Structures are given as C-alpha cells and as structure tokens.
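As written, the chains take the letters A, B, C and D, and residue 1 is the first residue of each chain.
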Amino acid sequence: MTLINLSYRTNYLHTYFKTTAVVPDTGKSEYKAVWLLHGYTGDDSAWIRHANIEEIARKHDWAIIMPEARNAFYSDSNFIPYYSFFINEYIPKIQSLLPISTDASDNYIAGSSMGGYGALKIAFKNPDKFSKVAGLSPIVDIEKFRNNPKSPMEKKTFDTIFDSPKKIADNQLVNIFNREHPQLKVLTICGDDDYMHEDNIMFKNFLGVHLKDSFTYMAVDGDHSWNTWVGNIDNVMNWFEK
Amino acid sequence: MTLINLSYRTNYLHTYFKTTAVVPDTGKSEYKAVWLLHGYTGDDSAWIRHANIEEIARKHDWAIIMPEARNAFYSDSNFIPYYSFFINEYIPKIQSLLPISTDASDNYIAGSSMGGYGALKIAFKNPDKFSKVAGLSPIVDIEKFRNNPKSPMEKKTFDTIFDSPKKIADNQLVNIFNREHPQLKVLTICGDDDYMHEDNIMFKNFLGVHLKDSFTYMAVDGDHSWNTWVGNIDNVMNWFEK
Amino acid sequence: MTLINLSYRTNYLHTYFKTTAVVPDTGKSEYKAVWLLHGYTGDDSAWIRHANIEEIARKHDWAIIMPEARNAFYSDSNFIPYYSFFINEYIPKIQSLLPISTDASDNYIAGSSMGGYGALKIAFKNPDKFSKVAGLSPIVDIEKFRNNPKSPMEKKTFDTIFDSPKKIADNQLVNIFNREHPQLKVLTICGDDDYMHEDNIMFKNFLGVHLKDSFTYMAVDGDHSWNTWVGNIDNVMNWFEK
Amino acid sequence: MTLINLSYRTNYLHTYFKTTAVVPDTGKSEYKAVWLLHGYTGDDSAWIRHANIEEIARKHDWAIIMPEARNAFYSDSNFIPYYSFFINEYIPKIQSLLPISTDASDNYIAGSSMGGYGALKIAFKNPDKFSKVAGLSPIVDIEKFRNNPKSPMEKKTFDTIFDSPKKIADNQLVNIFNREHPQLKVLTICGDDDYMHEDNIMFKNFLGVHLKDSFTYMAVDGDHSWNTWVGNIDNVMNWFEK
C-alpha cells in the first residue's frame, strides 16, 4: 500500500490544492478508483484520520482518492468555482498522475454529509465518469439544511455559495436528477437519529420511484457523526464491489 | 532546527487549518517569533518551498511561523472570518503550542504581496502584539489592486471579500493607519518593475510623513514575483534584527 | 485537537528524525503525555493510521507522542544508538517544544510488539521519567524472538543490533528488571493466538511475583496483529487513566 | 507543478519508505526523470528544503524523484539491504506509480556527498537504467572517507555497512567501474576547499582516461556543504539537458 500526499497549484482555485490517496501494491497498471469526499469542516486527511482507509483499499484492491473541499460545498461560487474545477481540472489531473482507470465502470464516488451531497451531485451530472455513487448521511435538501437550526454552517456562509433562490433550486439534488435523468447505481445511508433523517427518507422515496432497482437504501442506527460513517464505510465499499 | 507541520480544527473557520513552522535548537525556553505571511495563490508551504527559511531561523535564532491564508486577504468576510480568527484564535493557539515569546517586542510580522497587506494591517491594528512589520511588494491600495488589469485576482472573487465601498474603505491601509495611529517600526520594499510600484511610492510618502524615522523604505530591482521576495528576505530579516 | 508532524536533525542519529503528535485544545499550559511506540516495520505514522488516536487524546485530554523507531529495537547499536538518543536527546527535545508535563506521574509509555519491548525497557530503566507502562503483545524475550520461525525479522538483521550473547542478556527485560528493581505500574496484554503468547505468560508470572499489585495482565483474544492492538488500545488508555 | 510525498511499506527494508517528488503540469503522459540523492544525515526532504527543486523541474520539464537513504550509503548491509531494494523494488515501484519514462535515455541520476557516491555506483552498475550521472562532491573513495578525520561518520557506523576489507574493495567506485566498463555520460563536481578534493582529483584523472569525452569535470569554489551543492545544481541540470 502506498500513501500519497500531493499538492498542486490549480488554475481554477488560484491556490495549492491537497489530495490524500492510497494505491495498492498488487502490480496493476490501472486500479479501479473510489473518490471519497469529506464533509463540512473536514479536509483531505479527514477520512484517513477516522477510518482505516488503507485496509479498505487492500481488501478491494482499489485506489482511494480523497480531495480537500475547502467548505465550498462541491459547488461553483464566486469565491471558489469548485465544481467546475473538480470536473474540468481535478479529475483529469489525478488520472494523469496516478495509475487509475478512466472508465466510468471503474470509478465510484462516495462522501459523507456535505461530501454525500457532493458525490451525488457530481455523479448525477457525470454518469460518463462514475458508475456508482454512495451518500453517507448526505445533505439531500440544501435549502432545509440552510434553515435547520442544527446545521453547523452559518446562514451567511451558506449564502456566499448559494446566493440566490435560483442558485439553490439549480443545485437541489432532486432538480439535478430530474434534469439529467442519470442512469447509474445509487446508495444512500442515513442514521435514525440524524437531524436530516426526514429529508433522507423523502429523498429515498424519490429515488426509489425513479431509479427502481438501481437504488439501494440502508437504514442504520446512529446520528450525523463520524461514528455512523466509520461504522458503515465497509458496507458502502462492499456495495460498490457487488 | 525543527521543522513543524501542524493542523488543527478552528472554530472560527470551521475547518482544519495548517501551519508550517521552524524552531531553533539552541535550548531557549522562548524564542522570538517572525510571523511570515504568503500572498495570493500560496499556502503555508509557500515560503519554505521558495526561500531557505531554516537558514534564516538558524542565523537569527528565531522561530518562524507560516500560516495558510486560503486567499482570504487576511480579512473578515462572510465566507471566511480570517482576520478575527487570526487575532482571537490563531495567535494564542500557536503561542500555547510552541516555545515562543508573547511580548510585542519579540514578535515581528512580514509578508509578500497579499501577505504584505495582511502583515501591515495586522500590525497597524495590533501594536500590542507586534513591534516591527515588513511588507515585501505589499498590496497597499486594495481598490487599485482590484481594478488593476495586471491583478491575478478576479474582481468577482475580490468582491466576495470586500463586498461594499464602505468595506473597501475600512480596509484600506491608509485609513487603518489614520484610525489607529500605531507606533511601531515599519519597512516596505518594492521592485522598480512591480505593477504596483506607483502605489507603493505613494504609500512610502504617506508613511514617511507620519512615522518619520520609524519608517524605512528599500527600493529594489525586480518585478512582482518570488525572485524579488527571495532576493530580499535576508535584508528584511536583518532589518528586524537591528 | 492539533495534529503535529515534526522533524529535526538529531546529533545522536545523524539524520532527521520524525514524530507525529496530537495535543488537545483545552487550554492547559501542560498536558499529561503518552509516549506511544510502534513495532517492527512501522514508522511514526503507524498508530495514527490504524487507530483513532485523536479520539483517545480528546477523551483523556492527553498529548500523545509517536516517535519513529527505524527498526532499531529501541536499543543502542553501532548503526543506530537509539536508546541513548531517546533518553538523552529525544525526550528533552519534545518536552522543550510541546506543552507537556515533565513529571513522571504525568508520563506514561506504551507500545506494541517491538514497541512493547521498547516501552517496557525504557520504563524499567527510567522510573524517574514514567510512572506507568503498557506493553501490547510485547516482545518479552528477545532471544526467543530471534529464533522464533514466525518472527518477521531476519536473524542477520537482529544480530546487527544485539551482536553478542552478552548484549542479548543485557537487553533481556527480565534481566533489566532484576538489575533496576523499578517501582512503577505495569500492564501487559497478549492475544491467545499470538506466536509469543507463551513468552508473555512466563513474563506475566515473573512480573506478578515481583510487582504484585502494581502489575496487571489482560488476557485477550487475537493474534500478533494490528487487529489486536487497535481492539485493545482503549483498554490500555483507560488503565493509564485509573 | 505537483509536489508529492509518498510512503510505502517495502518488503526489502521491512518499513515504510518515504519519497518526495515533483511532477510538471505540462500534460505529458511520461516525463523524463531525475533521481536526486541526498547525503549522509539527510532525508527525502533534504534537497527540496535547500534548493528550489520545483523551479528546476519547471525549467527542464522533468520529474524529480528524491528518495530517503537512511544513512545506508546506498549499499547492501545486514541491517539495510538498500542497494538491492533500490534496484529491484524501488525504481519499478516509482515507475508504476508516477508518469515517468522507463527508458535509460530519459533517466538521469545525481547526488551530493554520500548521494554522489550512490548515484555513481547505481549508474555504473545499471547503464541500462540511466544514461547520465552526476556527482556533486561525491565520496569517491570510501576507504579514505572512513579514515578521514573530517568525516562526519563514525568508523563503527561505517563498519556496520562495509564490514570487511573485501566489502570495501567491492564497493569502491574505481573497482566497480573496472568490473562493469559502463558506457554513459558522467559529470563530477568538487569544491576547491572540499576535504575530499584530492580524492576527487584522482577520480577525475581516472575517469578522464577511461571515459574520455563522456566524462566532464567541473572545478568549483567552495567546501563540502549545501552552499556548494545549491550553488551548482543548476549547472548539473543544464549538463543533463545537453
């Protein structure tokens, strides 16, 4: 197993951008890749500091790529055009540096909380790049998240990213799905004590209607915390493996 | 010489925040500290990747602290309340972790470009924390910087931080100086080919009138680039030493 | 919580030496310190990559210091005088850099496998520096370890460190204990499927006779692997807390 | 430019092994590679902390790979079988991870002091892997280095690596050259105040006779220190470029 920390200056974000990655030692010229996104307040080291990511990479023989998100909600804003950066610059850059496959069938994307939102949005808009996506306690309704008193994000910070009702609407997962009609495998997981549990149930019902057998929902115990995500990341990876 | 990379979760910025620092080996219980700020597009590793910071620390027997700025212009904005974070959380945190003095007479602050702006602003508003400040090719007039066609920062990004004429005015160095009347030693340096050379000459004339012998200006060759900053960082540090 | 990676040039080892450390955010001027040693083939990142060390530090409000061992068996050899370095240079260096207590009553040391041997040896010889020590699957008989067919260390490598029968004898934990008669609290843990289980049972019997109530043994399930150490590190830390 | 820090567990060295590397951003599927070795007391960050390696990589559009040496003298010993590791495991591993060419004509190797010795030895024995080699103040006679009172390495440490007169003889560069008759381009550089200057002059005379026009010697000012290596690394890279 190789643990990689890399930093490069991005033209989109006008700064150095950090990635943590693990790559197996089994001699393949190209590995399947899991893109694993962190939530609000995290950085590229968040997943590796909480879960045994190397063990997962070893078990499945996958590379796992963990970018930093800078609290940008995986979205384009005036301060950080993150989404455009991610699709147009970041994915090709990592694919040129590391021995990973570029086939959609070999690329999966997952994330927790804000990272779950990001994974679902990125996958819904890019089924040519990813064949499976998983959200762990994803923020599935950003407007409700903004107004939820339990949300850790201040409204004024949220509003610097989603700065108009139209922008919120354009970035709602349900609307993106209805626009794009993506064909791919989707998994969501949510703990029964999560403060966004109700939002997740509604989203589950929506995807169940539209994706039918391509959609899986795992009801789990727990709240909106790393305990839930660390406790279920193995199940997510096993679902990717199927 | 000890090279330190540290990361901690800040309550102000709602994320992990990185610092690179060097601390000498000479057995002092408290070292003098230089806070060295990077410019737009940099991160906490910018200075150590361009200049021989360890050699400087060894020569002067100082700790050198290099925080990341996240393109936040060392200012409070809705997306990143950087200035408040820096004064209220960051400085005390680093002083609690590392063996450095908390006396203003033992603390100097410097930076290049956007970091020069940051160093001057922070010092002007906090002469109880810093006794000397140096700007290398500092952005001394943020409004002119915003409108300068050679500026690397897009106007819409600038406007997410300084989002009103009043906020620009409040954050102009000249206005801060006139409000605060800080008593401390100030050095500015600017290359003759810098695209903000004229702004720096005007700022030099302003500080010369108000600070008199407490102000030093070094006219140097060069443009707005690392070549100029690496070429003059020794002079800046020698001026701190005096 | 602050995560720290530091590297400094040591005069003993003639190289840069790396440490990973975590320090809580609770505002103490000095934290209790746990020195946590890794086993053969590890490095300073081994513990933090396998177990949730930050969670432990948060729960107990302790700093946790993880040095690299360079496969030197925490012992003095012609190639690496590690033990002398650790006692004479490393501990004082870290105590001068980070906000940790120097009282023996505030310092605990633990390690797994080769790190368990190291922790026990260092503590037995320095009860003025450490008040409690824990070995997780420690190598308690280095001669049997050398000759055990399941040992991952080649004999010729072992022999570069312990290069004579006298040196092996001098470094056997039982002999060190009999020489030093250390008064401190000792815990050992060993899995029932560990290939050094029998050695650990004999060592348990030895310490039970000599240390009586100051000694604790935890019989656990498992083999000689990270599964066992990650599964029991919380118990070790809780024992330190008592 | 991408800055990469990677660590992987090597089967040869039974530990995690660190590499620092820089890779350009110019979109090539394979870059030429310079393998840049550090000297005694250094580690994989030594070159990047002293010289502006990223600037060099940018200028020449090369990847630059900087492995750690662990004071092993780039040689096989009982404690660390470094040479075998480097050739059999390390080079293929890095070539499988990063986008670099495997053609000898695209691979150059250089180093300073002990790293100069290592670069010359590795190149002399592997002209199928490297087409050019440069030694900056190389240790060209290891026996004289062992006995030189100015040598920073203790004799007993040296003797753990080169543990017999035969082993010293087998590892002398002149003897390796005479055995292998390598055909490749060689550059050596030595400062006039270097404590191994005389050894370097003799080696220069030897290579001049055997390699004729394939050999270049640069006489430079300076002693055996980073000042000399940083001051001449651009010249070395320009010579590789020719």
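Just so it is clear, a residue touches a chain if its C-beta (ideal position, glycine included) is under 8 Å from a C-beta of that chain, and two chains touch if they have at least 3 such contacts.
Computed from a predicted structure; not experimentally measured.
The set of chains touching chain B and also touching chain D is given as A, C. The chain with its Cα centre farthest from the Cα centre of chain B is C. If you average the CA atoms of chain A and of chain D, the two centres end up 42 Å from each other.
The distance from the centre of chain A to the centre of chain C, each centre being the mean of the chain's C-alpha atoms, comes to 38 Å. Chain A and chain B have Cα centroids separated by 35 Å. Each of residues 3, 7, 9, 45 in chain C touches at least two other chains. Residues of chain B that touch chain D in their complex: 3, 45, 48-50, 52, 54. For chain A in complex with chain B, the residues that touch the partner chain are 7, 9, 14-16, 40-43, 45-46, 70-71, 77-79, 152-153, 156-157, 159-161. Against chain D, the residues of chain A that register as touching in their complex are 1-9, 23, 25, 27, 29, 93, 96-99.
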